[in-house]
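Note that the chains take the letters A, B, C, D, E and F in the order they are written out, and that residue 1 is the start of every chain.
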Amino acid sequence: MLKSFPRGGVHPAENKFSAGNQITKLPLPKTVTIPLSQHIGTPAEPTVQRGDMVKTGQLIGKYKGFVSSNIHSSVSGKVLKVDKALDSSGYKRTSVVIEVNEDIWITKIDRSSDLRKEITVSGDEIINKILDAGIVGMGGAAFPSHVKMSVPKGKKCDILILNGVECEPYLTSDHRLMLEKGEEILVGFRLVMKALNVKKGMVGIENNKPDAISHLSQIAQQYPELEVFPLKVKYPQGGEKQLIKALTGREVPSGGLPIDVGVVVHNIGTAYAVYDAVQKNKPLIERVVTVTGNDVKKPSNFLVRIGTPLNQLVEAAGGIPAQTGKIVNGGPMMGKAMNSLEVPVTKGTSGILLIPEKESKRKPFRPCIRCAKCISVCPMGLEPFLLMTLTEKEIFDRVEKDKALDCIECGSCSYICPANRPLLDYIRLGKFRVGQIIRNRK
Amino acid sequence: MSQLKNFTKGFVQENPVFVLFLGLCPVLGTTTSAINGMGMGLATTFVLTMSNVIVSLIKNFIPDKVRIPSFIVIIASFVTIVELTMQAFTPVLFDALGLFIPLIVVNCIVLGRAEAFASKNTFLTSVIDGFGMGLGFTLALVMLGGVREILGSGSLFGIKFIQGDGMILFVLAPGAFIVLGYLIMLMQKLKSKSA
Amino acid sequence: MAKKESTLINMLVALFVVTFGASTALGFIYQITKEPIAAAKLARKLDAIQNVLPEFTNNPNSETYKMPIDGDTLRFYPAKKDNELVGTAVETFTKQGFSGEIKIMVGLLPDGAIYNVAVLEHKETPGLGDKMERKKSDWITQFEGKNPKDFNISVKKDGGDIDAITASTISSRAFCEAVNRAYNAYMEGGKK
Amino acid sequence: MEYIIIIISAIFVNNIVLMKFLGICPFIGVSNKVETAIGMSGAVMFVMVLATLVTYLIQTFVLEPLGITFMQTIIFILVIASLVQMVEIVLKKISPALFQALGIFLPLITTNCAVLGVAILSIQNDYNLIEGVVFAAASALGFGLALLLFSSIREQLDLAEIPEAMKGVPIAFIVAGLLAMAFMGFTGIV
Amino acid sequence: MYEKINKLITVSPSPHVHSAGSTQKLMTGVLIALIPAFVIGIIMFGWGTLIVTGVAVISCLVFEYVIQKYLLKKEPSVTDGSAVVTGVLLAFSLPVNIPFWLVILGSLVAIGVGKMTFGGLGNNPFNPALVGRVFLFISFPVQLTTWPAPKGFGTSLTDAITGATPLGIIKEGLRNSDSMDTIMQNIRSSKEMLYGHMGGSLGEVAAIALAIGFIYLIMKKIITWHIPITILGTIALFTGIMWLIEPTQNASPVFHLLTGGAILGAIFMATDYVTSPMTPKGMIIFGVGIGLITVVIRRFGAYPEGIQFGILIMNAFVPLINSYFKPKRFGEEVKNG
Amino acid sequence: MNSVLLFTIISLSLLGLIAALILYFIAQKFKVYEDPRIDKVEDILPSANCGGCGFPGCRNFAEVLVKADTFDDLFCPVGGNEVMAQAAALLGKEAIEVDPKVAVVRCSGSFEHRPRTNFYDGASNCTIVHNLYTGDTDCPFGCVSLGECVDACDFEAMYMDEKTGLPVIIDEKCVACGACVEACPRDIIELRKRNKKDRKIFVSCINEDKGGIAKQYCAVTCTGCTKCFKVCEYDAIIMNNNLAFIDSEKCKLCRKCVTECPTNAIHEINFPPRRIKIETEAKPGEGEQISTKKVSNN
């Protein structure tokens, strides 16, 4: 029996078209737009002005407050403006727009491709380097990684988990990264283990990536503290609470964080970024992005500089198919639909999915028939149908009591509902309202 | 409010059954046929009118704190009078209505009217109110009884107009609830249209 | 409407006056209706007896006698014409009804033949079991003039001679049981 | 065995609300929420048992010996009304917690015909003291069961898309009717 | 940039994919699962089966359409198929020789009172088909308890004789204080009952056909095993205990399982999503409740068959069950190890 | 007198006396005092239970009024000054006159003026859209046209105009309860002073983008050009974040700014027609209250 989380989950068609395609480097764009808020938390403060010349890797935004992150220039060139620009949040936010000329890097970055396995720095130094490099979680939420690594007083981390699940259909960026940068990833992971002083590391990979499992298992043999686990293919296996449950049997308490059960989870991409930051002094200025979709000519995995507009990636993948009806930043289950392709790649962009017109519209919804399918697929043990109705009827005290805030927004409920009900839309609204109410209470 | 309006308000606008939802037990319990409903309605009307009379007459002599007990005694007396009289002169109807005759005493409309209306109004107004409300109550009972009798036995006021039986369910307990539910819906629609 | 302050004294007085008035009135009404009520009750009983027996001249109610049976009692009302027994009305019962007890009055001639039968009380379903009532259907006329000695009082399904009420075998069967109980008791010493 | 029959009969077969039509007003009125339904049932249970006990004693030791059984209605209702008031005082003194839970429902009970109805019924049925009390308790349980089911269904219906015209009391009656229809299945088990 | 896309692009909240499931598909699945029983019905009771079913389905559809369109003034949604399921299940629970006007009346009550009064699909607390059936059963006990004898394979279709259902025969017999052995002589063997050779409603008789439908429903994941299995298990357990204690008074559990609407009710009616609990635990409580009530009514009640009441009564408990048996929330009780 | 009559009288009278005694003691024990004035105040209040006063329902507000020392900050928008004066008279306090208010919608980006750039296909709720993205036009400030405000209005004082996709407020019905203001996730609706004959002048836009950018997606946006600001003689116009705002307390309804605005973002409502026609003004449609100039589409 493969490990998995015990309750709920769905199995949408995997459609991993780009899994066999090597990561390719995308040519530099003409201009990049680098938002100062690519992470959860306070936006960074700009450290450059219009007209400044910047080098690749240079700091252009300084973190502000505890939960925040540094922003670096991903190219070298001239700052055209520091102004609001549309980003993947769907709104305009302060960004640094840079006109690219040559690709000049700041000197401290080690640009060689040598593998540096030996760990020479201390734990605190590691965390400092991660902070400096502006690393955020690359598994989706873009939560500043150094915050995750500062274990609060009174808590202890004893297991570190590397999240190589990539349970979203279509996306393959983590998969390719594991195949091509396996060594680096595990070094990065061990760096985090050292920083957190953890003796046990677990790598979880879904069973639909057997090549990645065998590759990483083989590399991991040299590190006795690491173990690779194949996992059952079931969405949302990659959700951290589900992954922790599957791998360790521990259950993050309602409203709690992984650290409450002594676990911290990091994504594959994050581990790679940590390797770059610590061993190569390289800040987070590029990442792997999958461009895919049913009608996309060349589904690909690109290594792109942060700030590159999405349409450039789409062009490189063969152009936008004429019948495209929806553009999704991320996977089909949790990704965010965009109204424009003139949006830059950010640290959290894992893929671009182009959905054909005929699959892009929702079917009309019907009354709930109380089939309980939404209940049975909810990995958090919630009652989505009830939460939706309660939100519609504005009975927010019950929305709160029925644990709407525990919803991880995985979308399994909306996916499965035979009556096509927009369950997650309303649950999000319910969470938002309950959040407001709780804030007002204080 | 004119006395006419005072009299007719119980028919639709403030019908104790369809609008105020008071005194529902006898409504359901005694309406297996139109005639039974009518008997019950008239008995209640009598008690309602008479107790309104007495209450409106003596209201000024009753201290506040014993208002309710005094009213209850007065109402109960009239109920007993009805009970005894019916037993003596209409024993068949008395048997058909059974337990619900003594229960007039706890029928919420009777006490409700005494408390809310007669204790604040003059003699004449109270009499008219009691009588009107009683007739409204009777009307409701006859309607419910009629519908149940038509559907359940295929007759009205005992006159059969179909062969065989009707839908027995309507003479039984569930039918009472269901028919009353739909009647209330219709009356509410009627009321909101007329208002 | 707190027109009147409540003090212990005026509360006591007021309630006393009200209860006194009410009880006096009731007492009198009771006096008045007592006779008619008793008369109505008697009339109903005599009515039932008259329904099931040939003409008589005595007051069977005053000559009642009882017989304990099956944890309950049967009542016998001997009817006499010119001091001669013309028949006995037996108030009998069954607990096998579809929804509880059924009470019937069976009029037996001195030889044990059924003169007539009437239902006193039952809770059977309207439209089904209540067809045993004379006014609902003429099912009950089957019993008229039959002598259980040579007429098997039980439903045809059980091998008897009685046609059951449609879809109400249970009620019919119970009814037969009650009639038989009266007949048997009468024959085994109930005849006086 | 006799008691069991009384109990089953009063709860399921001859449920006072669904089959005997007693206590319909609170059944419709106080059944919006499960919580209040439970409170109301508790209060009814308390009063019903007590009332049946006291009225039984009055019937056998006062009304019957004096030959004034025709005064049943008036005496019973007065006794019940005073009893409810007294329970209120006593409860408040003895168990404030219970008073908190049942207090608001007590005044409603005076005009609940189920209490008087059950008191009279237990005399009509020729029950002895214990049987009467068991009958009262079981009737109250039947009331509670009906009220509990009913209120939970109504809570669910609050979230449903009921047609405008049916909302509120009409739908409540339809539910009661269907509930009564379902309970007819118990016909004849005792 | 967008010249190549010829329409406005769509933006919506996630998720952007949907499973293939739909209300119609579920309802169609139930109908498919009912086909074997339908075939056996035709074999046993003749073409009347087809006609009664047809009348019920058509009148359910018409009533649903008319009420939605003209009384509720809503967009009619007859296409979702739930009315067809209601019609078929209502028909399956009726005797084949029932007058048409009763079928139509039953459909009216099922759809009108049982479903549309509450606002239509998804809102009704009681199972509509059973509301219709119990209404007919109580209102017209004569017609509803007059059963045609099954023709069996190969006999001609015309000679309908009325025959009681096995449960009816037992109830009669026990009332007559006959012993179980003599009663059983009037009843067909279990093997014959298994494929439906007995008196009864047109869709309830063939255990095998219904079981095939059950397997189909489970395979298609339309229902879970919880409700049907607990109902049948409870019936078997309690009738088994009674049978062991007093074999002269009680029929065997096999008999109880095969007769009456037990299987039809357990598989197709108790599982109606709208009127059954939503968590496995709740479903088990629900099933046990139905089983118990069924046995009590069959053994002690006035009616020979209890499952229709059992389901309706437990329908009333569903909101209560749902509010006390919530799914286990993730992270509710923390056990670490 | 016979014995039955005697017993009847004795037993009932005795019971009556006992009942009276019990009740007397109860009355002594339970003096639950509820200020009777609460009921009276509640009767005065309009019982709309809309929450416009800031309390859950009319009865709660009545309780607050009875307890309050002064009526500062206490106001029932539905009943208005009249009701407050009545309540004040009843309670012997002084009511504070509050200028009546009315809601206005500060967005005029109709379908015509603000082209749709994408198609929103999700649950029909303004807050859901607002939390997701800019909406089906590119204006991040504008109305998303799903009518959450209309649903919130208990007084049927609003409706969605099918043609423009914007909510419309029916002045006569609006009681200024503020429910719509609360409901709108984009804070488009504002409560303003209600002038004579319901006249009002306001900037029907809340767009804070720079003029050039805003004009790209909306023809009737406030570009922040400050022309109105310059022309206003009463200092009623405040410029902030590329946006003009007219203070309804200071505005004297002179209408100078209205003609000044190059994008027609300033609306005048319920004014008589102007005598001198401005050349750019298109003929206002029949019964149209808003005088809008046709903006040349760029």
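Just so we're on the same page, a contact is a pair of C-beta atoms (placed from the backbone, for glycine too) under 8 Å apart; a residue touches a chain by one contact, two chains touch by 3 or more.
Computed from a prediction, not measured in an experiment: that's the story for all the values here.
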Query raised in the report: Counting C-beta pairs in contact, which comes out ahead: C-D or B-E?
Result: B-E
**Report entry** Distance from the mean Cα position of chain D to that of chain B, given in whole angstrom
**Finding:** 21
Report task. Return the distance between the CA-based centres of chain A and chain C, expressed in whole Å. Result -> 86
Report summary line: Cα centroid separation, chain E vs chain F, in Å, comes to 53
Query raised in the report: How many angstrom lie between the CA centroids of chain B and chain F, rounded to a whole number?
Result: 46
Query raised in the report: Considering chain A alone, which of its residues make contact with at least two other chains?
Result: 336-339, 360-362, 367, 422, 425, 428
Query raised in the report: In chain E, which residues are in touch with two or more of the other chains?
Result: 7, 9-13, 113, 120, 122-123, 135, 138, 141, 302
Report task. Could you list which residues of chain F touch at least two other chains? Result -> 4, 8, 11-12, 15-16, 19-20, 23-24, 27, 117-118, 121-123, 128, 132-133, 136
Requested in this report: Determine which chains touch and list them pairwise.
Outcome: A-D, A-E, A-F, B-C, B-D, B-E, B-F, C-D, C-E, C-F, D-E, D-F, E-F
Report summary line: Within their complex, chain E touches chain C through residues 141-142, 145, 172, 175-176, 302
Report summary line: As the complex stands, chain F meets chain E at residues 116-123, 128, 132-133, 136
Query - Contact set on chain F toward chain B in their complex - result: 12, 16, 19-20, 23-24, 27
Requested in this report: In the complex, go through chain D and note every residue touching chain F.
Outcome: 62-63, 66-68, 71, 74-75, 78-79, 81-82, 85-86, 88-89, 92
Query - Touch list for chain E against partner chain B, complex - result: 105, 113, 135, 138-141
